[in-house]
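Here come two complexes built around chain A, the first alongside chain B, the second alongside chain C.
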Partner chain A sequence: MSLIQTIRNRDWRGAALPIGLLAVWYIVTAFEWVNTKLVVPPEKVVQVAYNYVTHASFIGDVIASLTRDLSGFVLGGVAGILLGVALGLSRWFERIVGPSFNTLKQISLFAWLPLISTWLGTGDSAKILFISLSAFYPVALNTFDGVRGISKAQIEVARVYGFTRWQMVTRLILPAASPQILTGLHLGLIYAWVATIGAEFLLIRSGSGLGNTVIQGRDAFNVELIVFGMLVIGFVGAFFNHIASRIEARLLAWRGDQA
Partner chain B sequence: MAHAATLEIKGLNKQYQVRGESLSVLEDISLSIKPGEFVSIVGSSGCGKSTLLKLIIGLEDDFQGELLLDGNRIVGTSLERGIVFQEHRLFPWLTVEQNIGIGLLNNTKLSEEEKRKSVQEHIELVGLKDFASAYPYQLSGGMSQRVAIARALVNRPEVLLLDEPFGALDAFTRAYLQQELQRIWEKEGITMILVTHDVEEAVYLGDRVVVMQPRPGRIKRIVDIPLPRERNRSSAEFVALKEEVLREFADTPVTETELVAELVVEEAYPNIHELKAA
Partner chain C sequence: MSDITRPAVYWPNNSKWLQHLLPYVGGFATRLSYAAVGLLLPLALLGLWQFAVTHEWIAIQLLPPPELVWQSLRELWESGDLASNLAISLSRIGWSVLIGSSIGWLLGFWIGLSNTARAYLYPSFEVFSQFPVVGWVPILIIFLGIDEALKIAAISFAVVVPVTVATYKGIVNIPRNLLEVAQVYRFTRIQILLRVVLPAALPSLFSGFRQGIMQAWLALVFVELLASSEGIGYLMVWGRQLMQLDLVFVGVIVIGIVGVSLDLSLRWIESRLQSWRHAAH
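For the complex of A and B:
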């Protein structure tokens, strides 16, 4: 299929709203119907974006944020899968740990920040701990759900073929629970990105990152920079979401159309 | 050809604990099955026929009496005993080939190369060569059940247990798979035990038909089927034998208390009759 056809075949209706808003934005600033100090014209945002992107610190900020985000996501994701599998497999473990887990879950994630920063300061370790905590909950909960839902019938099959404990986990439990685990990881990836920016806002004193950029914009009353920062944050989030959906569809192709 | 085993069931009793009370599911079952024999077991629901297979396959080991395979006590599951359930129970994330390979996962007798070969042979045995890399969602019910049969046979077990394997299929597919199963049984020469509630299926496939009666599950009668194979379902002898088996059902009325007892068991142990639920 040629590029032109690809573009033609795409459903462009979803683009109408952003294009419309952009037009309104342009018009209200061009005719100065609003305070252009607060609502800056789009072309100024483009200009600041250009200056900022060509400036070396932009790449540094993006890399700093992404590194934090992914480290936290991996830590939280792995911990979440481990806890979810343990809770789902052992009734005994679930009785002991389940109630505490469900209580801790009720604490708003951002309420952890004062404690985390008291213990670990405002550096990367504090931020990564916070990010991993936010990825941890959805992964643990969904994994638990998935493992709990494995049918007795399949466990009997595994027993008939003499599965060892390790084979039970790797050949039955993880693949059988993989739809829920992937849902958890998908959510965790989104939460982790929200938490990355949140941590950079609230643990501002040290380090670089996209969240810091936006805060710097606010401190310098640089609305162009704030808007640009928001756009980049939004695009990175959308990109993660897209990638996660693609990976999920790929790995769960065995479910056919029911997915 | 695989080695076929003698299966001896001696004075087998099995109870389930229901609300603190002991409910007898199988009572004094004794049956000796010759190597390479095809035995059908029929009975109305609640007669314990599926429970009997669960004990033979080794998924449950809390019983009294003796279960001997070639003179050795049956303890737990083993690759020398295979089973096909009513639902195919394939792993949906594995292809046909990989699902059959699951049967060989813990087979220590074969090399990797021999395993690959054996999987291919069994795919061909059940006629699914073109579907080797298909996923279960892409298969019909009958095809899935053929994969399940291949998975159960790939270890060359000495005994194959079939727990209402065609119960969920339509009449045409069922008749076709019955023929296929007979062909495989003749080719492999192994011992097969088929549990079914379809009397015609039992007579068509069995060397003997064991009729069980419910609450508690007991053997009511064993009917020999001396007809040559391939059997003609509409021949006078076939119909007469079918009638004879059916008559055994006629005089086992189901009382209301018995039905309640069955419901109680099902409620407490939903997996006992999960075949019906499926």
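For the complex of A and C:
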């Protein structure tokens, strides 16, 4: 009963566009109004996807990409939080490191890839370093904002209670800056996925991964595989975004309506 | 004991102009000293770089000496190669930002103003916006080849998403009472659009535009590294293939300089826009 009601109460108008596009795609390929080598029929995409998922190295590719993505994200995130806290807490550190950090931040991310791949080769270490760099900037920036925004009064109260340095960081600074840190981590997660796919596209020759497979599909003109790979990449990105929003909401629930 | 009150050097304390000037001089001096402190780290790194090269810690193919990078930068600049490649990259950015932000503004206004359009389009757009731009590139290559059209299309994609989101949010977040006042005054639709919606949403419009340009800059370097025969990204690919890392370093430096100047000028315009808006209130 309730299921039927939720289905009925949902606004289904949003589904019109995707269904319409799918129908157009199906019709133009079924009647061969377009070059079906370029615009491949949807059923062939499903077929190739099925073969790829069941026979070829799909699971291996996904695991390879996700491992790379998450290890880079963790490294970059931890480094970003450390730098952000240090920048936010120490005036002098901020004056010495801040200008360089703000300048380096403006160098378009992918510009580092030719340098990194010359130094570290095209293997996993280069990719993971690049991915962690992409997660590092947004995390560091937002952490810095959060730590700097902590009110003087709170810090003074902590001093009055005789907090040690460690207590200051774990009991006051990290919780007080947690909304911004989580925003930074959320952004970092999105950037890390972009960097993972980008690095796999640009450094195809080594290792496996979703990006490698898709770009090899381009070389072999396997359009079905490209379409499927693109969808998987997109939905993994959307999934990360969704999970990050959920975690953010759950972790910040203790703040109540304050946020 | 009275020595303490008497200054060692005679200091005229009746000079008004100096008293007025002092805070400025002080402010300037502190700012100058901050800038100097900020330069410490880059200078130290440069010193380390030079030291590592002269002591041959790392092969010269992997780490070119700073003066070679500087020399290549000057040669590329004097031969005009740098300027022509940079001009190509910047014109790609310009066209893509023009196309992408026009689409983004139209879409954002449409979704923001019409409830029907929002119901039909927004769910699809929300999914679309979460797809990483780099993921679209292979399929675009199939349809558009690897020529100019690919670059413009891919970079425009990167611009559309932030511009649409910011425009949409800016319009949806306009306070209701502003629109109600406009209705009380019997504004026409065009008047509401031009005199209420546009000014109220202007800051978010511009912030979307700024994000769009920064995303375009990211996408540009990616596309030029992937498939290009000219442009600043190609310069780096070329340098890497020839194992002339000095060219790659030049590319990084130029990309950094352009990034910083884009960011600074856009921030400056944004702050001017904000102050203009506060003045208008």
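In this text, the second predicted complex is superposed on the first by the 241 of 259 C-alpha atoms of A that agree within 3 Å, B and C clash if a C-alpha of one lies under 4 Å from a C-alpha of the other, contacts with A are read in each partner's own complex, and residues count from 1 in each chain.
In this text, a contact is a pair of C-beta atoms (placed from the backbone, for glycine too) under 8 Å apart; a residue touches a chain by one contact, two chains touch by 3 or more.
Predicted model only: the values in this text are computed from it and were never measured.
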Room on chain A for both chain B and chain C (clash or fit): fit
Contacts of A:T54 with chain B and chain C, given as first, second, both or neither: neither
Touch count on chain A, higher of chain B and chain C: C
First (chain B), second (chain C), both or neither touched by A:A15: second
Touching partner for A:L113 - first (chain B), second (chain C), both, neither: second
Angle at the Cα centre of chain A, taken between the Cα centres of chain B and chain C once the superposition is applied, in steps of 10 degrees: 80
Partner chain(s) touched by A:S178 [first = chain B, second = chain C, both, neither]: first
Partner chain(s) touched by A:Q5 [first = chain B, second = chain C, both, neither]: neither
First (chain B), second (chain C), both or neither touched by A:N35: neither
Touching partner for A:G217 - first (chain B), second (chain C), both, neither: second
Touching partner for A:Q154 - first (chain B), second (chain C), both, neither: first
Smallest separation of CA atoms, chain C relative to chain B, angstrom: 9
Residues on chain A engaged by chain C in the complex (per definition of touch): 11, 13-18, 38, 92, 95-100, 103-104, 106-115, 117-119, 190, 193-194, 197-198, 201-202, 214-215, 217-218, 221, 223, 226-227, 229-230, 233-234, 237-238, 241
Chain A-facing residues of chain C, complex: 34-35, 37-42, 62, 116, 119-124, 127, 130-139, 141-143, 217-218, 220-222, 225-226, 233, 236-237, 239-240, 243, 245, 248-249, 251-252, 255-256, 259-260, 262-263
Chain A residues within the chain B interface of the complex: 152-154, 156-157, 159-164, 167, 171-172, 175-176, 178, 253-256, 258
Chain A partner contacts - residues on chain B that touch it in the complex: 57, 59, 77-79, 82-83, 85, 87, 89, 91-94, 102-103, 105-106, 135-138, 271, 274
